[in-house]
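For reference, the structure I am asking about is given below.
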Amino acid sequence: MSFLGRGPGSTPAGGVNMEKIELAVTELDTVTDFFNRMVSSCHAKCISTRYAEEDLNKGESVCIDRCVAKYNQVQKKVGEKLQSRGAANAGATAATFGSL
Amino acid sequence: MSFLGRGPGSTPAGGVNMEKIELAVTELDTVTDFFNRMVSSCHAKCISTRYAEEDLNKGESVCIDRCVAKYNQVQKKVGEKLQSRGAANAGATAATFGSL
Amino acid sequence: MSFLGRGPGSTPAGGVNMEKIELAVTELDTVTDFFNRMVSSCHAKCISTRYAEEDLNKGESVCIDRCVAKYNQVQKKVGEKLQSRGAANAGATAATFGSL
Amino acid sequence: MDFSNFNSAEQAHMTKIIEKRQMQDFLKMYSNLVEKCFTSCCNDFTSKSLSSKEEGCIMNCTEKFIKHSERVGARFAESNAEAMNAAQNPS
Amino acid sequence: MDFSNFNSAEQAHMTKIIEKRQMQDFLKMYSNLVEKCFTSCCNDFTSKSLSSKEEGCIMNCTEKFIKHSERVGARFAESNAEAMNAAQNPS
Amino acid sequence: MDFSNFNSAEQAHMTKIIEKRQMQDFLKMYSNLVEKCFTSCCNDFTSKSLSSKEEGCIMNCTEKFIKHSERVGARFAESNAEAMNAAQNPS
């Protein structure tokens, strides 16, 4: 993905603004990753792993609804905290490549 | 990978059909992911984590062989179920981008 | 990433050697993956998940320092072992595509 | 996501990418589901064939995971719609 | 990593890539942190709102993870510097 | 996988991609193995040096993982060959 801007499609003549596309793809991948982790986390919290039946029972269904609501709240809280901390650079890239 | 089709190599003149290459790469990545999860799952089921010796003992070896056989059967069963359910759209992409 | 070499930027005229860039990106991704796993492993070993306070306590801080030191030693030992074993081909790619 | 500021060439390009991602997401979900159901259902390695009990467990695990994902997806879509509404109509 | 053998066009290219990776890494860390703190802090699903206890736990979990990552990053950078030194000045 | 319908330019291209993937897979396996063996073998953080017991555990863990992967790979290749045979010679 990182090299999109170098493809022939990035020329304005093609009518496609590759920067815009690339941003949309990053957003898509981020939403997908977030959703998949929510599915996995709520599965761990709500679904019994005995698998004696194939339908969600009442308790599981209610648990899922609340789990999604709470997960969204956690995402908001963590996001606010990260923003207030300006924590964008706490990763390996910063630790290793600070001096390029 | 998603942008292959836009590279200069996609012109028929180059002699390389990028659609075909891209499909093969998706298949390669899928098989690799499947294999890595099988290695990891069978490791968890069969290998003692005390690590008192460096060789697989008899019990571990037999367990691995059966584990691979069962894992392959599970893959087949899950695949049939997914196919009969037509479950291709149960992901985040569908939930978020259904209306493009 | 695998297709970099086909972009227009790979022509020497552009002044950018895409092979070199690609190698550097692989190195960057490897270091990042290694670092993220170290963060995650040392978090599991050192940080209490009760989250009664927001600061690292003395015990956690000392534990982190030693954990990073040990993790680096493990990386070295495993790397030496892999090198002496010539284990580069133990993956799915080899198992499936040995005959291309 | 809002693509109203995309021209038609950009929309066509984005549609192609989304279709590719959907296929990749499906394959990843499949692979993940095999691992999850295998881990939950298979604990006896005295035989190399799935027992009927294990097979039933696998079927229920798969079906339940799909229903779970669908329910999470529905709730997720609702909360996204609400958030978009709230952004457009600040009270 | 050593970029001294990169010409200026290559350095500019690499800088762009690194910036993009930093954004992606940040988003992945965010997503991972939400999952980790949710898993540690939320265990009661009799309500759909975070309790104040859960909220406090989430805040501490986030803050502590950042401090943890920073400390690991600092030790990691030190050991990389040492390794580079040792490579350049073999005794 | 069957590449018989690939022309020579496509085979050359695919070979390059496979080689690159093999390197990436190896690096990922290495990184994963470090994490796995560290997690299983290191549980004492009263010292910053590996004890000889921990070091022995790491060596056995690595060796055993390689042997495990090779055995899984061999069984996997056999079952792929069988499946391909069955597809070509339906009884």
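The letters A, B, C, D, E and F name the chains in turn, as written, and every chain counts its residues from 1.
Simple rule for what comes next: contacts are C-beta pairs under 8 Å (C-beta built on N, C-alpha and C of every residue); 3 or more make two chains touch, one makes a residue touch a chain.
Which chain is which protein? Per UniProt: A, B, C, D, E, F = Mitochondrial import inner membrane translocase subunit.
Every value quoted in this text rests on a predicted model; they were computed, and no experiment measured them.
Across the assembly, the mean Cα position most removed from that of subunit A is the one of F. Interface comparison, A-E versus B-F: the higher number of contacting C-beta pairs is recorded for A-E.
Separating the CA-averaged centres of subunit A and subunit D is a span of 13 Å.
If you average the Cα atoms of subunit A and of subunit F, the two centres end up 28 Å apart. Residue numbers of subunit F whose C-beta contacts span two or more other chains: 1, 3, 14, 17-18, 21, 25, 37, 41, 59, 63, 69, 73, 76.
Counting partner chains per residue, subunit A has residues 1-3, 7-9, 25, 28, 31-32, 34-36, 46, 65, 67, 69, 91-93, 95-97 touching two or more of them. Interface of subunit A with subunit D (complex): residues 9, 14-17, 20-21, 24-25, 27-29, 31-32, 35-36, 38-39, 42-43, 46-47, 49, 51-56, 60-61, 64-65, 67-69, 72. Those residues of subunit A lying in contact with subunit E across their complex are 1-3, 5, 26, 30, 33-34, 37, 40-41, 44-46, 62-63, 65-67, 69-71, 73-75, 77-79, 81-82, 85, 87-98, 100.
On subunit E, the positions that touch subunit C within their shared complex are 1, 3, 5-7, 9-10, 13-14, 17-18, 21, 25, 29, 37, 40-41, 56-57, 59-61, 63-65, 67-69, 71-73, 75-76, 79. Across the interface of their complex, subunit C is touched by residues 1, 3, 11, 14-18, 20-35, 37-39, 41-43, 45-50, 54-55, 58-59, 62-63, 66, 69-70, 73-74, 76-77, 80 of subunit F.
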